[in-house]
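Here subunit A shows up in two complexes: once beside subunit B, once beside subunit C.
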Partner chain A sequence: MKPRKVPTPGWNFEYLMWLFIRISGAAMFLLALIGFVGALAMGARTQMDLGTLMRWTFFPNPNHVLNSNIVDIAPWANAYWQIMQLAIVFFGATHGFNGLRLILEEYIHSWGWHMFLRLVLLILWLITLGAGFFLVLTS
Partner chain B sequence: MTLPRRVPLSAALRYRGGGPMWAWILHRISGLSMIIFVALHVLAGFGIQQLGSDWAIWYNTLYESLAFQLFIYFCVIFHAVNGLRIIILDTWPALIKFQREFIWLEWAIVLPVYALTAWIMIQNSLGG
Partner chain C sequence: MQVTLKIFRYNPETDKKPHYETYTVEAEPTDRVLDLLEKVKGEQDGTLTFRRSCAHGVCGSDAMRINGVNRLACKVLVQDLGTNRITVEPLLGLPTIKDLVVDMEPFFEHYRSVKPYFINNDPPPKKERLQSPEERARFDDTTKCILCGACTTSCPSFWLDDQYVGPAAIVNAHRFIFDSRDQGAEERLKILADQFGVFRCHTIFNCTLACPREIQITRAIGEVRKAIATGRLD
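What follows is the complex of A and B.
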């Protein structure tokens, strides 16, 4: 039995993604907190039900609060919240697709399949990011 | 670079890892659910706005149903708190001595937060 290949410690791809998963996870905590506090500061206490407040917290998009009983939608739609949304979409999609890659690679042991799955996930990641960014910038 | 391990299912089911093992399984299930459903939700949003697709409307109606919201909200809360536990234990490895206590602490946060929200969501959907 030949010894298994262990990646050299240091700044390799797996280490960078390990680091990214933790940083993006913490970043999404912060972004959700900003959305939550921001919504309350803009009057969510009287204008929103709980479901709408949660939708705003996890993805502060005016489309998410459009059907609620909000008198003036203007404070909910501006560049500041668009930047927050872009950050959430980027961190969320990248965190999630990397997690999907980690899970798939734990159950599939062939190098060829790994490379194929990485290509498929890379394309899906870019499509999701593209659709998400388009929605943020046009709503 | 995983080792190919040949563990039969019967042996895997007999493994008793306790709290951390269940947290690992739930973290995996909730993470998979979120990336699949949220990615589809983003694509459905694009489909509704740009194409008016029937599947996108159908999917978002499903997404907004109470059962689905309760499920995905559990995934979000559990994945978030468990992720925080992982970050803390990875950053301060000395705390691994208390990993069982961390599991209890985690459930002590997740369950009340989830139960309160679920209660309000169910009451609202019943017209309360």
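What follows is the complex of A and C.
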């Protein structure tokens, strides 16, 4: 069978977001796994309770392990873990807000409301990202 | 055996709102639900309205909700339902015209929107447009669609927003997109990449479960998505 190929319709918004939802979903699993392994390397088995371990796993911020028995947190408060946190904030917030957009657009059918709600969600998404990034970069 | 049929009734000329009526009929376990509806209409209440034509699972006229699941009334045997209490309702997501009859026009509008016909602007060859058995097999599954509407009206995405083209339209687009003789794939993929196209599908699989022809609908939708992303039609 000879392969048939047609020009693709291109990168429209719906396709892009559909792709993003899948990539970010997988990315969040991967980031949590890295956080989990990081916590174990930090000494979670003996120095952390389960709650602390989970907090670091899903958001590897040094403040989350302040009350644990980890002796020296300084090596974990570095740019690498900050980037991990920023990635989690970005993927989580964008994934969630796009999900919210899809749900709203399925229930609400007028074009005007769509545009209005997209704008509201865009603003809320930017505020969430701003607040999250601020927290990561200043803690 | 005695079967109790609870049937959705609505006559827009006399009823303000729909209601259910209950009928008791004598039935064999091997009777089809369509037989019971015929029995009610012929012996108890001639005003009961429903669509039917071939009564053999080919024309797709009598798709309805039987005990909460979209099925063809002519393909469901009483013994397969595992109960002698049967609830029959019209398809969801389309306006009810009367009793079990729904307005199929929104469904067919979506069907027409994907250009469900052969497109090839080359002059026709002397005999026929040839195709290998493998090329024919590529879209065999989606040729089985009988346009009963059971899939589209079982889809929660369609219930929420009837602007979504729905699984049946995508299945029929798939039938031509992957046909090696057809040249309309590009325009169909463009239509289906739209806001109300394939990306509205959340892989719920209701359509696949509802299809009386056992078409792998969710798989077909996935293949169309893949074609949109890659442009490959093999």
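Convention: the second predicted complex is superposed on the first by the 129 of 139 C-alpha atoms of A that agree within 3 Å, B and C clash if a C-alpha of one lies under 4 Å from a C-alpha of the other, contacts with A are read in each partner's own complex, and residues count from 1 in each chain.
Throughout what follows, a contact is a pair of C-beta atoms (placed from the backbone, for glycine too) under 8 Å apart; a residue touches a chain by one contact, two chains touch by 3 or more.
Because the structure is a prediction, the values reported are computed rather than measured.
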Going by the contact rule set out at the top, does A:E106 touch subunit B (first), subunit C (second), both, or neither? both
Per the contact definition in the header, classify A:K5: touching subunit B only (first), subunit C only (second), both, or neither. both
Looking at A:M48 after the superposition, I want to know if it touches subunit B, subunit C, both of them or none. Which is it: first, second, both, neither? neither
Comparing subunit B and subunit C in the superposed model, the one touching more of subunit A is B
If we overlay the two complexes on their shared chain A, which of subunit B and subunit C does A:I70 touch? Say first, second, both or neither. neither
Let me test your reading of the model: by the given contact rule, A:M84 touches which partner, first (subunit B), second (subunit C), both or neither? neither
If you stack the two complexes on chain A, which partner ends up touching A:Y15: first (subunit B), second (subunit C), both, or neither? second
Residues of subunit A that sit at the subunit B interface in one complex and at the subunit C interface in the other, please. 4-7, 14, 105-106, 109
Touching subunit C in the complex, subunit A uses residues 1, 3-10, 12-15, 17-19, 105-107, 109
Flag every residue of subunit C that touches subunit A in the complex, lowest number first. 132, 134-135, 138, 157, 160-161, 163, 180, 185-186, 189-190, 193-195, 197, 199-200, 225, 227-234
Spell out the residues on subunit B that touch subunit A in their complex, using ranges where they run on. 1-4, 28, 31-32, 34-35, 38-39, 42-43, 45-46, 49, 69, 73, 76, 80, 83-84, 86-87, 90, 117, 120-121, 124
Seen from subunit A, its contact residues with subunit B in the complex are 4-7, 14, 22, 25-26, 28-29, 32, 49-51, 54, 58, 63, 89, 92-93, 96-97, 99-100, 103, 105-106, 109, 124, 127-128, 131-132, 134-135, 138-139
